[in-house]
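Pasting in a structure now, in structure tokens, and then I'll have a few things to ask.
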Amino acid sequence: MRRVLGSLLTVVISFCLVAGFSPVPTAKAENIKVGAILAVTGGASFLGGPEARTLEMMVEEINANGGVNGNKLELIIKDSGGNPEKAISFAKQLIEEDKVFAIIGPSTSGETMKIKNIAEEAQMILLSCAAAEVIVNPVAKYVFKTPQKDSDAVKKIYGTMKDLGISKIAVLTGNTGFGNAGKGQLENIAPEFGIEILASEVYDKQATDLSAIVAKLMANKDIQAVVNWSIVPAQGILAKNMRQAGWDVPLFQSHGFGNIKYVEAGGAAAEGIIFPAGRLLVAYSLPDDNPQKTLLVKYKVDYETKYPEDKVSTFGGHAYDALTILVAGIEQAGLDKEKVRDAIENLKELPGTAGIFNFSPEDHNGLDINSFEMLTVKDGKFAIYSK
Amino acid sequence: MTPELFIQYLFAGITYGIIYAIVAIGFNIIYNTTGIINFAQGEFVMLGGMIAITMNAFMPMTLAIMVAVLITMVVGALIEMVFIRWLESPSVLRMIIITIGISILAREVALHIWGESVRALPYFIGNEVTSVSILGARISPQVLWVIGVCSLMVAGLSLFFKFTSLGREMRACAANRRAATLCGINTKNMVTLSFVLSAGIGAVAGCVMSPITYSDYSMGPNLAIKGFTVAILGGLGNSLAAVAAGLLLGIIEAFSVSVLPLAFQDAIATAILLLILFIRPHGLFGSSEAASLKEF
Amino acid sequence: MDLLKRYIPVLFLLGLVIGIQLMTHFTGTGYYLTQLTMSAYYSVVVIGLCVLMGYGGQISLGHAGFFAIGGYLAGALTTHNLMPFKDYGLITFLDRTGMLVASKDLYGGDLLTVEPWAACITAVLAAGIIAFTIGGPVLKLKGHYLAMATLGFGIIIYRIGLATQYFGEADGISEVPGFKLLPGIEVSGSFGARVLNYYIAWAVVIVAVILLLNLIHSRVGRALRSIHGAEEAANAMGVNTSRYKLYIFVLSAVFAALAGVLVTHYNGGIGPSEAGVMKSVRYVAIVAVGGMANIWGALIMGIVLNFLSLRGVFGSYDDAVFGIILIVIMLFAPQGILKINPWQQVKSFFSVLAAERGEDTADS
Amino acid sequence: MALLEIQNLNRRFGGLKAVNNVSFNVEQGSIKAVIGPNGAGKTTLFNLIAGNLPANSGKIYFNHAQINGQKPYQIAKQGISRTYQNIKLFHGMTALENVMLGRHIRSRAGFIAGMLNLPWTWPEEKEIRDKAQEYLNLLGVAECADTEISNLSFGQQRGVEFARALATEPTLLLLDEPAAGLNIYETAEIGRLITKIKESGITVLLVEHDMSLVMDISDEIVVLSFGEKIAEDLPHNIQQNEEVIRIYLGDEDA
């Protein structure tokens, strides 16, 4: 029996190897292959999940409408699970084997930084959905990113604080790359706005209770406001723990709060949270002459119709922007990668979910502080904040 | 430290401590009847919470929780019957690997059913901002729910093991499996029952804690490690000691934020685990003599 | 004769390695070599763990931790710029001894970093020393306790990586330079060096396999296997069981760390996921599928499963696949599906060619 | 001075005194038997001598050196080898490999040498193999050399375990019920073998239930009952010792 099993296995393995090495059937020539490396599962799946769904939805729609310049898009999504080593493997695979036109993603900064050099070497357009500023600073020729700059979010928050007369704050950050980068920016920019950080704490991305730390911070009566910087569920937990403890100083969140589910999870405690975000979350409340409005409403309606289980979030929006930018580049420059890259670098006034993109050779992010709007939570919904 | 701060820390510690204790008791129940550490124990807690949240959309919360607990118990029974029951004296290594596999599988199934998003049951009383004042500290009533329900479960379990014939049979099975078989106890059914029981208490804990901590597909392993630390700390198999150890760990974690950066809070349990394994593997409350008689 | 029998499968492997490279060369599918190279390095961890689990009888759910110690230290040392500290005595000393290299970064800045060789040795030594230190108390434990202690060790390494600025916290370390083993031979992930790196990786695997094969067929290897068979009796035969367990633990940790160093240079970076619990569980799963005491089985499964996983064949079911493998193998084939020496399988296919009746080799 | 001296040895398990203040000597070149009803503490005594259990108090001298408190492998290196009542062989290894393990303390190739397969280890390895084969021949189980241990019959396993113990070239051999489970012919064979071992200069201490074997081959007998030594004498004296007769009559296991 065992012998038979063993032989069988040998056969299966040989088959796998042979099958694995047979050349991949080439797709029809006019298709544009777009690779995407996203953390659909694993610890960063709250990013990769909406991103993957958004891309699938968009490609379906673009192809239904005749494609880009008559060329159909072919989307290849690779689930990295948030693992850099897989992102590296997938990047090489997409570049050489699938010969994709461009790569969207990865979802996290750590992964993006690992494949930045690979994209440069292979002269492959990389449109990252990750936030860290090091991705585009220093600028790499082929690497772009769509989320707004942390530093702009910090400035927006500090600006609002100044208006409110707040100068002494506590900072809480998650121990993810996002939280870490935010912490750095918060500390660097504080003096510029005359703000003093009295306490700073880092919590685990899987933290489920922050009441102890809230109690500790609350004991410091000088703290006038709390800034929380993370992209994880703990954002809602912090709000609950603060309000339950009866601590009613203003709570500021980062632009990572841009998911209505966090508001739902925070319930009554989420009321009054102030945070900067792209305008996607308040699409309906925008004035009709806002250049982003049509696009934002359409994305929101489309997404929530196609995925009734899910609510639109800014994370999916980053993937939306990445593909929008790529499509705009191809529409302008055709199917020559170099020309598309140049076209993207020169895109101006392109509305996206995160803001209006204005790329330049020095700026591969293309967004400025005006892409942010200060939002707040009112009656369980996002609303534009006004003092 | 002000008295209010002290009370605040204390309650935070007790809340988590009692949850860890419930997970640890789940470990102990199965360990006692089978000698297996069920690495998938944390997944029972996850399943309880997630199913209750889904059910809550169709029915009142009390009913939803009851249904969730029942379903989780059935899942526990199924796991035992499909994966464990028919193995003839499997090695410890084999069981460790199988239960780890079950834990991964349960998590992945949950991911594909519920997706990656985080959910929560509504608060049993009031809402997210409701709080009651105890000795100057302000505590969410849900914390009292957690402490109350979990304490009741612990008390109920002790009574069950002490005074019901079923409970006594399970204890007999734990003490000496072969002897129990000779006395006409169906040890296989006792093992199934132990899985059902520990799945049940895990699910209840998963429901009551959900409003406070949220539920998502990946919450299991973290809880399992804390629970295991507590089980070892109390001495494997000793459920009352597990409660003490759970409270101890919870309170240490809560108070640690006043001296250590918050980032290290989760490392504390692991450090304690290693420390206790190195210097006193039979636990704080166990005796080494008794531990050495157990087979590993 | 015995020696020949031991090394024939190695030659066979060598032939296969060269054959695959030639095949990809002629079919224009050279891109497969990327994943084969990475899989080869991961397989070094797996065969080290295989000897620990199969021959030493000790489970380790923390081997990703050792891998990460190697990878993180090598990555951090060769990446972090020491230029700002160059006037400190220690740094000057290291610079004079040639342990540091000066270079320019991509954007023209001056870099002073640790020579990859020095970093590699430091990293592997560190892993060895850490394994030696914790091995004492850890290996006294058995069963669940041992599993949990190694798991705990892995978690702590993961936490350190995640909480330390020096190790890049959640983002890990990027832009790790290549590792010049010899002039003209560099471990690096650039597209041009792919064939070379494929051969480097497989050379490492083959050397590792030969060392382990020698070991398990030696006096010490016999002693190790006896520990797994009956520890008490092994002790009574004069085998210092705890010392041998410690040695094999350290050896497997060193293998893991070395693989970590090389993968980090090859990938140009490392992230915390390499230290994660799931990674350790995967290594155990692969060993379990290959058969606990079967280096060849572990090697084959290590290559096949890592190759498929790295190519994204399992999609979003990647972890689930490993979970299912663990359960199914442990339920139905606890000895592994490759319990039979694959070399014997090949022999039975070509039994006509086999001049004499094959005897059971010791590791089957 | 005797080869093995046991002085006031005590070992308790909880409240049970498994070995209670036992003292006796084993002379160089003799066969000494330890007998007694089940639960008399015989196997515990062996475990204490071999270092598998620590004694609560008392001393054990071997070759004038105190050995209690040492680890089993250290004691083994000084020349004490043993067999087990319930055979403990190394599963997953062949009979030959099992016996080769017996040569462990008589060889020295280490970790690095083994890993690099250094040439100087080759003759040593060959010697180990040859010697092991020799002991298998001696025990009459040469034909199972390449068979995995679990596939051997009970009798063959006993033989392999015996060969393994002898392969260490011990000064003192501890045999825990060597005849258990054997038929009368095999038992007689074992008896002859033990005598032969003694003639080759190895001292033997054995625990055995088979009285005919014990009376046949031992030079001296120690009787234990409930952990206490109740008699120590020549075989024919033991046969007439009233207390020994009483405990054995009271116990059908004898």
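Letters are used for the chains, namely A, B, C and D, taken in the order the chains are written, and counting of residues starts over at 1 for each.
The criterion applied here is as follows: a residue touches a chain if its C-beta (ideal position, glycine included) is under 8 Å from a C-beta of that chain, and two chains touch if they have at least 3 such contacts.
What you are looking at is a predicted structure, and each value in this text was computed from that prediction instead of being measured.
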item: For chain D, the least number of touch steps when starting out from chain A; value: 2
item: Distance-to-centre winner among chains (Cα means, whole assembly as reference); value: C
item: Chain separated most widely from chain C, comparing mean CA positions; value: D
item: Of A-C and B-C, pair with higher C-beta contact tally; value: A-C
item: Centroid distance [mean C-alpha coordinates] between chain B and chain A, Å; value: 35
item: Distance between chain centroids, defined by C-alpha means - chain A, chain C (Å); value: 34
item: Gap in Å, rounded to a whole number, between the CA centres of chain D and chain B; value: 48
item: For chain B, residues that touch 2 or more chains besides their own; value: 263, 266
item: Contacts with 2+ other chains: residues of chain C; value: 163, 316, 319
item: Residues of chain A touching at least two other chains; value: 41, 175, 202
item: Touch relationships between chains, expressed as pairs; value: A-B, A-C, B-C, C-D
item: Interface residues, chain A side, partner chain C - complex; value: 2-3, 5-7, 9-10, 13, 16-17, 20-21, 23, 40-42, 78-79, 81-86, 88-90, 92-93, 96-97, 108-111, 113-114, 116-118, 121-122, 132, 138, 175-180, 202, 205
item: Contacting residues of chain B [partner chain C, same complex]; value: 37, 83, 87, 90-94, 96-98, 100-105, 107-109, 112, 221, 225, 228, 232, 236, 263-264, 266-267, 270-271, 273-274, 277-278, 281, 296
item: Complex contacts: residues of chain B adjacent to chain A; value: 2, 4-5, 8-9, 11-13, 15-16, 111, 115-120, 122-123, 127-131, 137-140, 212-214, 216, 218-219, 222, 253-255, 257-258, 261-263, 265-266
item: Partner chain B, residues of chain C touching it in the complex; value: 53, 59, 61, 137-138, 141-145, 147-149, 151-153, 155-156, 159, 163, 277-278, 281, 284-285, 288, 316-317, 319-320, 322-327, 330-331, 334
item: Complex contact set, residues of chain D against chain C; value: 50, 52, 71-73, 76-77, 81-82, 84, 88-94, 97-98, 100-102, 104-105, 107, 109-111, 113-117, 121, 124-125, 128, 146, 148-149, 164, 168
